[in-house]
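Before anything else, here is the set of structures, which you'll find just below.
Shared between the two complexes below is chain A, which pairs with chain B and chain C, respectively.
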Partner chain A sequence: MSRMDSVPTTHSRLPRRRVSDAVFFGTMSLLGGSYVLLIVAMLGADAYYTTPGHIRDALLKPEIQYAIRLTLVSCSISAILSIWVATPLGYLLSRYRFPGRWLVDTLIDIPIVLPPLVLGLSLLILFHLRFGDFRLEDWLRKDVGFPVTYAVPGVILAQFSVACAFAVRTMRSTFDEIDPRAEAVARTLGCSRWQAFFYVAFPQAWRGIVTALTIAWARSLGEFGPILVFAGATRGQTEVLSTTVFLELSVGNLEASVAVSLLMVAMAVIVLVVLRALHAEPRS
Partner chain B sequence: MMSVEHLTVRAGTFSLSDISFRIETGQYAVLMGRTGCGKTSLLEAVCGLRRVTAGRIVCRGDDVTHWDPADRHVGYVPQDLALFPTFSVREHLEFALRIRRAATALIKQRVDDLAELLGITGLLSRTIAGLSGGERQRVALGRALSFEPSVLLLDEPLSALDDATRNDLYSLLKKLQVRTGVTTLHVTHNREEAAVLADRLFVLDAGQLVEQTAVK
Partner chain C sequence: MNRSLTILIASVAALAGLVWLTPSGRMRPGLPAAKTDAQGNTTAPPLVVFCAASNRAVMEAVRADYEAEFGVLVNVQYGPSQTLLANLEVSGAADLYLPADDSYLDLGRDKRLIVETIPVAEMHAVLAMAKDSTTKVASLADVLASDLKLVQANPEAAAIGKLTKDLLTEAGTWDAVRERTIAFKGTVNEVANDVQIGAADVGIVYDAVLTTYPKLIAVRVPELANLSAHIAIGVASSSEQPQRALHFMRYLSAPEKGLKRYEEFGFQTVAGDPWTDAPELTLYAGSMLRPAIERTLAEFQDREGVRVTTVFNGCGILVAQMKAGHVPDAYFACDSEFMQQVHDLFPAPTDVSQNELVILVPKGNPQQIKSLLDLSKEGLRVGIGHEKQCAMGWLTQKTLKEGGVQTEVMKNVTVQTPTGDMLVNQMRAGSLDAAVAYLSNAAGSAKELDAIRITNIPCSVATQPYAVAQSAKYPRLAERLQQRLKSAESQSQFESQGFVWKARPATAAVAPKE
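Our next item is the complex of A and B:
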């Protein structure tokens, strides 16, 4: 008998392989699906707990209407500011090796890994720390007439300080995916670095810019800790939807709190659908 | 005329050492050498995309060694072509002229002439996404020639093409040289290309120029 005769054929292994495949997919789905199930269960519980009446009542409250308006405005402004900063910073980090680059790269991650509450506290200390006779918040409030702490600009700055880090990461990976050779060739064709960036790199980055904008907007929507510490949660002044949930919960109005939460879920779903649609489009 | 005098380029552990050669106006020079011997680094140094450690690069009588790539008047076709994905074929040919703020009529005339010379008139409105390798090569050549550079640098322009397309492009490159009179430095490791195209032949080995020959 030759050695090959003792090797089982693929055909004879087929039933065993089918069982193995079933165990593989079953185990993977069970482990991964448990998390998906948790999210669905949480959203389902929210939806079950609330009624259309609760949502209507919540939406009719003037302070919640104010919070919706401020949320839409502040999230949009902080997302636009994030892109304004993240596009050049992402480009520089992607294209150039400069002294201290690793330090900048590390610093950008700090708002991502730091507890949000600590970030709000750091902002508060920055604006109220005294340097001799100078205090930033006093100067802005009295000399410039632009109060930041416990005011709407504080809400936007608190949202921006976290959202921008995510936008920078997105923009950097966007530019990493764009071939720098095209910009180099553009420079041999007569372009300055500015022209190579605006005419060649920037048009290729539009999808990344929209993605970064959407992520920054969604991060701003979910921000709570830094806003609470740096801008406060004053009804009708610095109240955004995330603080509304907290305020309604603190006075025992669980129905309104859940109704606002569902509203935020709906907003987040819209943002995520936009993101998915953008990435589903084929890159040509 | 273009000349390189005692050029040294260092990049990490690799270096080009004491390279000197001269290409007369309108000549077609071919630079040969094995992969990794420094051919692309030399082209990048000439067009200003790589920093020169020592030596001089002279184009049309000007020492351009430390000039910005935009000011050198050197057309460059890299090996990967580096076409602009968001541009149409027409926009590729127009780009260098628009940057130089050329008159609209001149741009149109130049693009039409160049497209006819390159055989891509029918492709002008197309984006580059669906073009074949040979068509993309013609677009890259047109983009590099559009501003009438004094020197044209070609980095292995025919390496990724099939035999039929390569033969077409041999004729096209010779026709371009005759029609435009541009001084050309063509990098390859293919002896057939060198034999068909070269007026002058340079051989680079391990970062040093080991041979210079006038072919015809």
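Our next item is the complex of A and C:
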């Protein structure tokens, strides 16, 4: 057999490559698509289980309208607060080596790995632990006039406690990916650390901030356990959509709970699409 | 820097806008304006109720009724019973607690988190099946013999699961039922949800739960006939407004108010006191008990926001009044003998205290009286209770007779009074040399009188029972008064007056926070 025989011609290689490509994309699509299909199937099942009438009924209820409003506002506040905390913390963890850094790094993961109910219970204990005659919640409630437990600030704090951990992780990765040499050059040109951060690092982290904001918002939307324990599920007061689903489910009103779940999905999709649009690469 | 500054300013502005948009947390459609004082401030903070999520539908109806009727804001927090109890323990932020099963109230009481409780309703265990199910089931054995998918609540997490396990273990069928159970769920509602969705064919649930599941039917089976749960509501010991909490609790448990709603939602209600904004109790009590119970009665009235009309007198007189038709809501007798005489009116007495007869003499005992026999000394002026008018007199006669000195002592008796207080007054006035009265009668006169103990005559000790009348208009309220009279605070009052405590240690009614 000659050498020429053993090497396929360009002409004969094309079909094989096409077959190979088809197998590649087919396999990858099948494996990856199965998850997408699962999500679509779940949403389809939800939609099949409820009717437009149930969704309309849910939307017309003043309690649900209140829950929608509180959900939107509390998730947004929680997400913005998360960014305010996550940006400096992510930057410090990414750029500097300081004593106890590993401990801070570990502590940030605790809200992520902790069971949600435990997080709520920990908040509850924190606000009601007595130090002599002092109790944080009593002081806030009676002296400051700003009750937190079983009140709207409690909802936001419960959401923030978890969402912020995800935002910090995102912001740290963001700053890890930004070359620190630009900031170092800025400092050699006379910039202070503040100026290096604000002029050089922060503008470059814009996309990371939007991503962290998105993650924090979405995480807050789905938060349930800490809110139930720390802020309660009082109709017209601390009821957000996730607790509405629980309350409707607990009395067997499956149609309403599915309707509210679909509302949450719709809200999440709208917010995520808007944020993704902000995040999108501008066309050159 | 411009971009960074823009982001910062935008985020601050967004946050400020969101805070402004934050709902006030006081949304209540149709709620009448809360009562306000002259300065326009709301005078009363809202009532906070921790309520099991399974009772949400009925509680919302009761809450709406109550708010509309009294203009009082009621914040109800729903959740799993155990979670709410843990929250109550940590925060103490509730006035009332209504769990799915009264066993949680027992737990709360053990931890001194709960004071008063009132039963509300009962639920019975049934099998939940889809209405369109083609399989006919008449017993749990039918389920085991079929290929139906069975789900039930987790014995570790839900009361019905534990009760089912206990009942079936006793019947010897638990292992077989457990084997056939495809899933154990966290709550009874999750069991019903599974059957409604079709994930299971049969579930063990409470009948009342199915009221909100129109697609399911309840199948009563003999194996679960004796399995029921009791729903009750309790006042949190941490409540800073117990009177208002008890007002709501009485409303919830009144047949024409809250219980009516519970019936509408498929619960089997228990007997409750009729609704009155401020009910009134009538209590007949032996005179000897007045110093021991007066303070407790005042505290009870203050805490409950009710009125207790008391009639103190010799028990003989009180019994005569009752036999004449004036039956009070509750009777606290000086001695069980007098309770026995009206047993048909007060069928379930409970002993609270004991009091012993003593010989009262002036301080220093100038006549050197050491026993009953010494009361027969020549020229001694002796006072005793009237045997027809009070338990003390009746008991004195019995004691003198038992001691074999009745005839001798009676020769010296110059006065017989209907109450022991009168004897004490006469002793202090110097018109008597000795008197036979209860130790408690002399509790406030230790500076003027000495008490000589009567030994070796067991019948000289009187036992004081309390009972609620069969005809009481507010039996639950009268029972709560009983609990209060048996509390630790009441015990110290009795003991300070020379009584001996007989009631069960006051774990049933812990001291409320005042």
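FYI, the second predicted complex is superposed on the first by the 233 of 284 C-alpha atoms of A that agree within 3 Å, B and C clash if a C-alpha of one lies under 4 Å from a C-alpha of the other, contacts with A are read in each partner's own complex, and residues count from 1 in each chain.
Criterion: a residue touches a chain if its C-beta (ideal position, glycine included) is under 8 Å from a C-beta of that chain, and two chains touch if they have at least 3 such contacts.
The structure displayed is predicted, hence computed values, not measured ones.
In the superposition on chain A, A:93 contacts neither chain B nor chain C.
In the overlay built on the shared chain, the residue A:203 is in contact with chain B and with chain C. Look at A:215: by the touch rule set out above, it reaches neither chain B nor chain C.
The partner of chain A that touches more of its residues, comparing chain B with chain C, is C. In the superposition on chain A, A:74 makes contact with chain C only, while chain B stays out of contact range. Residue contacts after overlaying the shared chain place A:179 against chain B, while chain C stays out of touching range. Contacts of A:128 after superposition on the shared chain: chain C is touched, whereas chain B is not. Of the two partner chains, chain B is the only one touched by A:189; chain C is not. Once chain A of one complex is fitted onto chain A of the other, the partner contacts of A:167 are absent, as it touches neither chain B nor chain C.
Where the contact sets of chain A with chain B and with chain C meet, they give residues 195, 199, 203. Note for the complex: chain C touches chain A at residues 1, 3-5, 7, 11, 14-15, 18-19, 21-23, 25-29, 48, 53-54, 56-57, 60, 75-79, 83, 86-87, 90-93, 187, 189, 192-193, 196-197, 209-210, 212-213.
On chain A, the positions that touch chain C within their shared complex are 62-63, 66, 69-70, 73-74, 76-77, 80-81, 83-84, 117, 121, 124-125, 127-128, 137, 149-152, 195, 198-199, 202-203, 206, 209, 228-229, 232-238, 246-247, 249-254. For chain A in complex with chain B, the touching residues are 179, 181-182, 184-192, 195, 199-200, 203-204, 284.
Taken in their complex, chain B has these residues touching chain A: 47-49, 68-70, 72, 74-76, 78, 80, 82-86, 95-96, 99-100, 127, 129, 143-144, 146-147.
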